[in-house]
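Sending over a structure as structure tokens; questions will come in a sec.
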Amino acid sequence: MIRFPESINAGAALLAEIEKRSGQRLSACYQCGRCTSTCVAAFAFDYPPHRLMRLLQVGMVREVLASRAAQLCLDCMTCSMRCPMKLDVAGVIETAKAVADEAGLKDSERDLRLFRRGFLNNVRRHGRLHEAGLFFWFNLRTNNLFNDAGLLPPMLRKKNFHFVPPRIRHRRQVRRLFQQINGRQG
Amino acid sequence: MLGVFICQCGTNISATVDTGAVAAAAAGMRGVAHAESIQYTCSDPGQAAIGAAVREKRLDRIVIAACSPRMHEATFRRALERAGLNPYMMEMVNIREQCSWIHADTGEATMKAVDLVRKAVARIRAHVPLQGGKTAAVRRALVIGGGIAGIRAALDISAAGIPVTLVEKSPSIGGNMARLDKTFPTLDCSSCILTPLMVEIKQHDHIELMTNAEVDDVRGLVGDFQIDIRRRSTCVDEEKCTGCMICQEKCPAPAPDDFNAGLCQSKAISVAFPQAVPLVASLRKQYCRRFNGGKCRLCQKLCPAGAVDYGQEDEVVSRSFGAVVAATGYGHYDWTGSYPTFGKGLYPDVITSAQYERLLSASGPTGGLIRRPSDGAEPRQVAFVSCVGSRDESAGRPQCCSVGCMYTAKQAILTKEHIPDSQSYIFYIDMRAGGKNYEEFVRRAQTRYGAIFIRGRVGRIFPRRGKLVVMGTDTLAGDQVEIEADLVVLAAGLTAAPGAGELARKLNIACDETGFMAEEHPKLRPVEAAAAGVFLAGACQGPKDIPATVAQAGAAAAKVIGLLSRGELETSPMVSAVNPSRCAGCFKCRDVCPFGAIDKDRLADGLVTARVIESLCRGCGICNAACPPGAISLNGYTDKQLLAELVEVLR
Amino acid sequence: MEELIPIIKKALEQVDVVLGWAQSPAAGVAVPAFFHTPAEADAAVFDSTCAHNLAVYLPRLADKKVGIVAKGCDARSIAQLIAEGAVKRSGVFVIGASCPGMIDVKKAWRCFGFGKQVCDAAGKVAMEGKTVAREEILLWKCRGCRDPEPVICDVTVGEASSEAPAPPAEPAGIRKRFAAMTVAERRQFWQDQFSRCIRCYACREACPLCVCRDVCTIQAHEPGWAGAAVDSPQSWMAQLIRVNHLAGRCTGCEECERACPVGIPLMLLLEEQNDVVEELFGYRAGGEAKPPFLTFDIKNDTWDEER
Amino acid sequence: MSVYSYFPGCSLSSSATEYDKSFRLVAGAFDIGLDELEDWNCCGASPAPHHWGGDLGILLPARNLHIAGAGHDSMVAPCAGCFNRLKYAQHELSHNDELRRRTERALREPVRYQTEVLNLVQLLNREIDPGDLAGRTRGRLSGIALGTYYGCVLVRPPEIVLYDDPNDPVKMEPLLKAAGATIPHFPFKTECCGSYMGLARKEIVLKASRRIIEVALECGVDALVTVCPLCHQNLDLRQQQINDAFGTDYHLPVLYLTQALGLALGFSPEELGIDAHLSLGISHRTSSFDNTKKA
Amino acid sequence: MPGKDVKIVGFLCNWCAYAGADMAGMARMEQPAGMRIIRVPCSGRVDPLLVLKAFQEGADGVLVSGCHPGDCHYGSGNYLARRRLELLGRMLPALGIEPERFHYTWVSASEGARWAEIVNTFTEAIKDVDEGS
């Protein structure tokens, strides 16, 4: 049960943070559901986009931060393009994701987080993405060795699958860029 | 002797402005003999207090700090008159709309209010008593637009014995209502209600009907508008045509059928629809072969009445009117531009409710059988999409169309009546059924007719194997929805009628930001437009349903009757006047006057000076600003008055 | 320019009076003269000191038929008065004089001494031993003169000058300084300038287009646009009224500035205003069209003001 | 000859080498000089802005902008993702002082970020005159219906990328039409393909991409044309996975815009790397492309 | 509090701009308190001298607003006004008045939000000038 005003009060600070960072006023949402109607990933969400917006409106910010939806959002911005109130729904979800990162909420969508982390560490190491390296690393870490194995033969045929990682000269500079991240790492 | 009254307006003003302090400050201003703060100055006790103060302290000029003068200036002028003062010896100070309502800080708002009162006190010392004149009013009204609003207004005005000219742009009166099948919430047949009224218009002695006609030019002002009406050439002599439709039958040139919302084709020469009033054919030159390089004269040859005249030209009729009723109705929002995800109009089976209305109608292109446009099949699964071009700021249309929910429910009911094994789905956001018996009607659609209401806005419509996939959301169930529909009906929003803005400009009245004509005040002057003598009826003022339209048309008619029944009108004394002893005779005033209201006057000593023709002067004051020696002044807004204000607010 | 005298005499056959110039023996320069009879006309001269704009007399002679000797710039004033209806075209007979450019006699006097004859018989500037470049003592408006020939005239006198008008000068002196000033400096500049104003209204009296004369609002007690006090803000406001009333009407004849006994550079204001009017409306006072503030065509007024 | 800095990005130098190859061929044909950016790094792609607070989504592309700042006036980034990241970084660097300072701390000098960043369509529209193209292609693509698939990041967010209508982009059309192709109505041209979820959450990609292919076929599309390597991967490389997952039998070729134009210009499918395309290898339309080559 | 020390005189036509300012009030749109509105029947009534007089009397800014071109209640008043006012605006630097202190613009009766926005931005602009000088 949502208790008013307790719920609103409890979520007020976080909500204000999300509104400030995203530049969106959540109260403008009138729950028409068009964001959900256009979302290609919503079927995999625990909360569809319009419910994320509603949860924020009533102060249930933690539910949003911890949601799988916030992690799974593709940021394709279709919802933002369609919102009749011109709200940047994707931007709100994106902000929620960043706030969740900073708050250290790491339980949902571990594989996806792992992939993103692996991707970025891969770039940190080489300066560019080593696709084959990421591919094998991810499958090893997730104990799913045959994930996308069917794609390998055609890739190999294309000669597009490089086993030797790319290297750039100023890798150190790239690493310095990584040191400038504000949010929490890991 | 000056009296100052500070209105508290309940708490509207006093919540932010310390009215007591303003009154105290006013009491100390030069010439002020009386200052008080009143709870509701516009109320009876408030006006009585003004009267009492005038009598007791022999006040001769009054300053009232209250709401906007646009709201109550007339009220207080009457109050002064009752108190025995010249009504123009009053100055209003706007401390509500332009002070208490826009400031949060009491100190600041109070200080501003004192400033504004001081400005008015200074100004009113320069006031002089003004006396309005009387002018004869033309006893004839113009009604623009022949939909249900215009028809009702014309009938009501003429019932009071005032002649009416009814101007309609299209070939027949009837408007949008004539295109409807049935009407909510009673489901009575639209034609059955409307057609008798249309006929009554045609037969009425006091009503002059002009179809294919538009207002060309408007001059003059309330009581005596001179209006040019252009009657478009239709190449058909209205007197001779009997409406036999032989021409239409034989005409070889196809043309869009406007009446049927483009669902089918008509002919270049045609009768608008079988119940049209007047029942005459008209020829649309842009589609006619003869007017596009061809030699065809079939209609002329075949017309048994000899009514076809290719040489007919536009005719401009000039008339004088005492008052005007605008009843131009509404237009349909063109959704194809702003909703690319609905197919941009490329899917034939995505239609608007206006088109669906024609499919439902027995007089429509399918004879009342619901057949979808692409293949003529009878649809089983029908999806209704609400709020297309309504409540959508991304499409620049934030407003509610106010009738979509109701007519969509109606169409779902009629769908079930036409095709008993059909299923209707209504995507809605909020069900707005505020009228009498409306909610019950919507419930009926749901319970008795089994329409499935889905709360959520549709995101996409795309084709799949001859059907249309409607992707939406059921926000109540919290999940996405996909429907394979045979037919999709979009409840497209209502817009101002095409050309309404241009007409408003000619009539010198305002439109709101959505393009509908603006009333002077939503509660105090709901049918009055910004220009005196112009009234609004029906959907030209904003989207509304038929009952509200008819009611407003009656109200507009009552206003016209009230205005013209006395035969004469009071004129404003706020016109320009020339002080001949200061006139240099340069006539710059005459050059700038938009109304030709300046004439030459030869004084006894031979000097030539300017003179104002008061009956033509409208009180804009442009001449005043153009006069180098300051000889011409606009009563009520003289240089002296404005300078007094200016100096005082900057003190 | 001796051919002027017979032309004036001939004009007097059809007009009541001819406005021209005669030599002032005391000052050594030409001064305005009214010729009513052929005999009087013998005194007529036309040389480089005939700076006065005689059009200033026309409105007050509106009931007479008047002949007037006019330079190119004077003719613009006449045309403007006609366009505004202050003077009837049929009431004036314009003797257009080819103008060699007028000199600033005050500057000439500074060079040669007061009362010295500064023009020779040919109408050229005589230097009496002293050499001063002609450009230096020319009136500002004559530099880069746009109207050496009268826009309106019934008869012409003199050869069209073979000499090209002096080229427009780079802003020098006060113009240069003014152009370089910040807005705040200009505010101070005008305050200083108008602290010298003695409210003599010579600027207004010399102006051919100040047609209000005795009903002029600057001097009116009501409604009180500008007080009568001789102090800088009020004098400044009074001048602004005049400048405003000349918007789109001033032909740039410089008579106000020439008349100012305390030397306030009034033309800085009027030149700026004339430039803006020309830029905005493509209008230059002194033609056949009425000023842009008195006449315009709404339908074609598509000018986009939302800069 | 105008010369542009060229930012290939990771995809064009590994899994999408055919995009790079075909781009260079088309550029060469129109005398467009490409000067590959020296020592460029990964733009951060989709994961960077979505992880660790998102700063890397700006920091990584910033370095590339900085390198480009020393080179030509304009830089082309054919990969839609790289283009989007670069535009984003440009926007943030000019609006977010704090982030710019952090960038400069890493780069150890003031960052140069003003280089004009162009996407592939922008570049081609600027450099290729449709009339010229029409003359040189002699209608080789005529009779082929190409579905223009823009994806999401090329046009969104509109206030950052400042390019084309975000809901109904059309800028690919003039060139393809000039090459003789027909462009049927294709409503899913900006629908998301599932982005980078392929490895971690495959079902999202398969479902999203399936719908795009389904609608394309419904609209009579013979082949999709794209400028995004990730979209290409999801729609083409994973087409068989889609068929396996949904029991469909799709064989819809997916071409890079440069491949389509390359075909039109008479380059062979091999030269353009088209033989590498999975979906095309099993396509019923293969023959029609062979025909175009002969024509 | 914004605009506390900035005194602005606004000449507003009765039919459009004044009604627009009323509309802003009806929508309770908070605005700086320095605006002092003088109602005139038409922007064409605004003699440029009124503006200059306001500056002379110490106004920090002057705003003139009327109906949008084409919507003038009197047909052409605002056209005439914009000619006079445009000239005035361009003259101000020569008169020693910062042109930012003067603005003329059109506000319709329904544009309450626009009016509030105009008052806010104009007040800010004047404050900028004040701080700059």
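By letter and in written order, the chains are A, B, C, D and E; residue numbering begins at 1 in each of them.
Keep this in mind: a residue touches a chain if its C-beta (ideal position, glycine included) is under 8 Å from a C-beta of that chain, and two chains touch if they have at least 3 such contacts.
Here the structure is a predicted model, which means the values were calculated and not measured.
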item: Co-neighbours of chain E and chain C - touch as defined; value: B
item: Touch-network distance, chain B to chain D, counted in steps; value: 1
item: For chain C, the least number of touch steps when starting out from chain B; value: 1
item: Leader among chain pairs (count of C-beta contacts); value: A-D
item: Distance-maximising chain from chain C - centres being C-alpha averages; value: A
item: Mean-CA-position distance for chain E and chain D (Å); value: 51
item: Distance between chain centroids, defined by C-alpha means - chain A, chain C (Å); value: 77
item: Gap in Å, rounded to a whole number, between the CA centres of chain D and chain A; value: 22
item: Distance from the mean Cα position of chain E to that of chain A, given in whole angstrom; value: 49
item: Chain D residues counted as touching two or more neighbouring chains; value: 167
item: For chain E, residues that touch 2 or more chains besides their own; value: 47, 53, 75-76, 80, 84
item: Residue numbers of chain C (touch at least two other chains); value: 225, 293
item: Chain-chain contacts as defined at top; value: A-B, A-D, B-C, B-D, B-E, C-E
item: In the complex, chain A residues that touch chain D; value: 40-41, 43-44, 72, 74-78, 80-81, 88, 94, 97-98, 101-102, 109, 111-117, 119-120, 123, 127-131, 135, 138-139, 147-148, 150-151, 154-155, 157-162, 166, 168-170, 173-174, 176-186
item: Touching residues (chain side chain B, partner chain C) in the complex; value: 581-584, 586-588, 591-592, 626, 628-631, 638-640, 643
item: Touch list for chain E against partner chain B, complex; value: 1, 4, 7, 9, 14-16, 18-19, 21-22, 24-26, 28-31, 33, 35-42, 44-47, 50, 53-54, 57-59, 70-71, 73-77, 80, 84, 108-111, 116
item: For the chain A and chain B complex, residues of the former touching the latter; value: 30-34, 36-39, 42-43, 47-48, 50-51, 82-86
item: For the chain B and chain A complex, residues of the former touching the latter; value: 341, 387, 391-395, 429-430, 455-460, 471-475, 478-481
